[in-house]
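Letters A, B, C and D mark the chains as written, and numbering starts fresh at 1 in each.
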Amino acid sequence: MSVEDGKSNQQEMLSVTIAGIKMKTPVMTASGTFGFGLEYKDFVDLNKIGAVVVKGTTLLPRSGNKGRRIAETPAGMLNSIGLENPGVDEFLATILPRLGEYDVPIIVNISGNTVEEYGELAARLNVAGVAGVELNISCPNVKEGGIAFGTNCASASSVVRQVKNNTNLPVIVKLSPNVTDIVAMAQAVEEAGADAISLINTLLGMSIDIHKWRPVLGNVVGGLSGPAVKPIAVRMVWQVAQAVQVPIIGMGGIVTAEDAIEFMLAGASAVAVGTANFINPCAVQSVADGIKDYVRQSGLSHVKELVGKVNI
Amino acid sequence: MPKMVVDGRIVSNTEISVNVKELVLYAPEIAAQAVPGQFLHVRVANSYHPLLRRPLSISSADNIAGTVRTIYRVVGQGTACLAALSSKDSVNCMGPLGNGFAIHGQRPLLVGGGMGLAPLMFLAGALCPRPIEIVMGGRTKEEMFWKDMFHVMCNTIHVTTDDGTLGSRGVTLDVLPDLLKNGAFDMIYTCGPRVMMEGIVKLAKEYDIPCQVSLEDYMACGIGGCLSCTCAGNDGSRKKVCTEGPVFWAQEVMP
Amino acid sequence: MSVEDGKSNQQEMLSVTIAGIKMKTPVMTASGTFGFGLEYKDFVDLNKIGAVVVKGTTLLPRSGNKGRRIAETPAGMLNSIGLENPGVDEFLATILPRLGEYDVPIIVNISGNTVEEYGELAARLNVAGVAGVELNISCPNVKEGGIAFGTNCASASSVVRQVKNNTNLPVIVKLSPNVTDIVAMAQAVEEAGADAISLINTLLGMSIDIHKWRPVLGNVVGGLSGPAVKPIAVRMVWQVAQAVQVPIIGMGGIVTAEDAIEFMLAGASAVAVGTANFINPCAVQSVADGIKDYVRQSGLSHVKELVGKVNI
Amino acid sequence: MPKMVVDGRIVSNTEISVNVKELVLYAPEIAAQAVPGQFLHVRVANSYHPLLRRPLSISSADNIAGTVRTIYRVVGQGTACLAALSSKDSVNCMGPLGNGFAIHGQRPLLVGGGMGLAPLMFLAGALCPRPIEIVMGGRTKEEMFWKDMFHVMCNTIHVTTDDGTLGSRGVTLDVLPDLLKNGAFDMIYTCGPRVMMEGIVKLAKEYDIPCQVSLEDYMACGIGGCLSCTCAGNDGSRKKVCTEGPVFWAQEVMP
């Protein structure tokens, strides 16, 4: 076997196809933690990673939340960015073309205030260069009186159906962990046509400055992410994996390859690295490298042999 | 100019005033690239708690020795971790990050408050041999260790302290009107507390002198990827302090 | 003012009454983390702490879960003790009398498989020496087909009503954080007669051993506690404090006085220290001491001036 | 005997074999109380990650010097943190915890596997000057640094290694039948892997020799408060390894 063959075998070892999206590694970036990808190009070879999931995109530009937007917590962080983004048209006009220079699937994370907005976003993004859309259904839903789409099976389903009717692209649905029954949510979106499920978004949290007697975040509450949430995320991936057929993209506190492998054993077909990008800007790449070493050292021939293999 | 992440060996990490330390890191790749106004994003501990990096201005870079220097105040958990390190340790750093100062103007006035003097030090070095005038403010004499550090680089140093223990009693803003009236400055550089900078920008406008400000904000990624640090630009857009700043022209981001 | 007066003032500064239970400090112990109190007597003067909440007690003795019962996670831990306890009769016969030697309120945390069991437990515990009962409604409910009482407003209410009918003691209801709407749960139990609400129990989590491809815990899943969960707990306390009148006992990741103060500012009238007892066996005491220092240094005259004072 | 929590100053923390270190702590209150079989519960880092303490057997206590000693293998994050500490540091310890060995019997046989030899060392010291016979097993020669440590205290040492690089090839259990047949032991003390101890207990029963076992389990509190460490007792009750053990009579907890 030539060196070339060895290399290509090693690369094959990690390649996966999630909801029809071919990826060189099962390691993606988590939305909102990797900008539009370009911001990380000095640290990561974008041509070598699984997929870039870009920052949450909305129909109109948004300036996000006021005041302090992040807070550090034990082994985690809170964020309340508030979906700051340039809007989908600007994304299509100026950002997507620049991403076209890279050989990496681009998945666009979208957020709407209404079911129709999700549909409209999906329709506009149904273009070459976009590999798929990821529905962020954990943002406040104006029409439904402030109840998030992500915490109600029926409204989650209707968003998914609307999006499926408006796009030919694979549709990934990202679920909120702030629910009593994650399995019911997953089953509902699968039933509605989701091609894959991302788990988990952030957990709602709050920090208070005890000197100022004020919330640390300008927005009062924020989303908890990072290593602190990993056990909750792994549990949800495992529960959902028992109940759905579509692939799961696992995330929540992945910093190392070991973390990623834990998610895959629990049932994730791919993983995403979020907060860890802030700690180690090369994290997406080093997690993938570590998975490759593990697969090889375990005598497996392909990373997919790990998926769901936790032995209960 | 590519950004990097390197393990910088600690050359020294010495206390230079009460709760203020000077860290010298051997990081030749960063030292070679850094310009005044840029910062490092430092992993203060190989731990999940503190989890995030800490942004620290580059106070000087020695391209020949391959070292960069930061001067930091120990204020919380992260800087305390950093303060505990010693010369056998190394520390993971991203850098050089952000946009630096525009080195225009022949008669620069620098105005720094507290730890805001850290990036101005690197700037003063780069402005030499132009005649530099600097106003530095702090709460009390102990905070004005800066005076000796700027001494060789500056023609004139004005010191203000809140309690009057060094220089004139008051704040930097108090001495500025007279200086601007009499001087012929063609550029103002400022870094310090928000209120101070706002006052300076107002005066600069009044005297029609271009002004550059160095902002601070809470940062996660440091490279434009998370949007935790954005501020409102005057053109209605959001500006990322980490990549579009920390140095801005006053008119871009100040009222 | 004599030294004696100074001392007693300082003690008064911390005394609180929660649901009619007079406590010397607002710092209690969290059930399951402090045994029956006696285990900690070499480290903590039991006569000086707010209250001892004893290990979850059931009608019949339980031997708990098999296999490994704890796992460490980033800034937290998972436990799946499985309510090992000697049963209520043994508690009353041999443990309660020994606790009678101490001048500290004893609150008994109880768990039942059915609504009737909760009632029966409350009735048997309606004796001198027990200051109150805390209902742990996060354990599996056999009658309702495996859905926990703690995740359904209606069944939570019926448990509370049953218990209230069976005891004269103050009834504290401990809510599970694994729900979509903690406020609805809190309102339901308040409505049903709860005298106070404890927030939060553990979050459901899972860890996988990537070398053995097996769950780390014998019970597969376990409850996440410790500093990692603090932002979630603070958020829930804050949300519930806006919506109910009864006092809240805040817990979840409290290690230091600063943590406890954060909970009080969010709206907790008292707090409980759990996992921290494992890190620092004197934690209950040192948290109380730290609160006292803070109250004094802030120029307040009583700890209750902190409650709910976060300025939004 | 009250339990304590103290900050023990590190006297030394030296590598005595590959990945095995010996920690000597100055903790006179604990040293004065400790008996063989008891353990320390060590806060390996002043951090939330690792969060929990680590239980480590006391391998000896010097009441005059005020020191306690533990011998530990670096296996994961916690022991790695401990290994990184040096003699200027101190470490927070609870101790002495648990029930020790009953020092009965005039002809004791000790059987230890791997790090299970750690508590037996303290025991051997206490059993002196009785004639002590010990069987020690490990994977390979490098793990048998114990031999020199037990040398002065024991009359006879039998060594087994899995790979035969020292002593006889095999496991401790292999040499036991002969020893028991010929010896006149009136007490067996054992600590090591579960399977090893089960085999020994079976033999002890066969030869009708009383036997004490030292168990290990995952521990949070170390003092009976959390019930993470309980095991099934033969009387149907649950036994807390941290307070009712770690040393038990074989018939209490073994099949």
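Things worth noting here:
To be clear about the criterion, a contact is a pair of C-beta atoms (placed from the backbone, for glycine too) under 8 Å apart; a residue touches a chain by one contact, two chains touch by 3 or more.
Quantities reported herein were computed from a predicted structural model and do not represent experimental measurements.
Common neighbours of chain B and chain C (chains touching each): A, D.
Distances between chain centres, each the mean of the C-alpha atoms, put D farthest from chain A. When the interfaces C-D and A-D are ranked by how many C-beta pairs touch across them, C-D comes first. Between chain A and chain C, the centres computed from C-alpha atoms are 35 Å apart. The mean-CA centres of chain B and chain D are about 56 angstrom from one another, to the nearest whole unit. With centres set at the average Cα position, the gap from chain A to chain D is 47 Å. Among the residues of chain D, those touching two or more other chains are numbered 48-49. Contact with two or more other chains is made by residues 74-76, 226-228 of chain C. If the chains shown are joined wherever they touch, the resulting network links each chain directly to all the rest.
On the chain C side of its complex with chain B, the touching residues are 74-75, 227.
Interface residues of chain D, counted against chain A in their complex, comprise 48-49. By the touch rule above, chain A contacts chain B in their complex via residues 32-35, 39-40, 42-43, 55, 63-64, 68-72, 74-77, 79, 81, 84, 226-228, 255, 275, 277-282.
Those residues of chain D that touch chain C in the complex are listed here as 2-5, 43, 48-53, 94, 218-230, 232, 238, 243.
On the chain C side of its complex with chain A, the touching residues are 73-76, 78, 151, 178-181, 203-208, 210, 212-215, 220-221, 224, 226-232, 234-235, 238, 253, 258, 261-262, 265-266, 294, 309-312.
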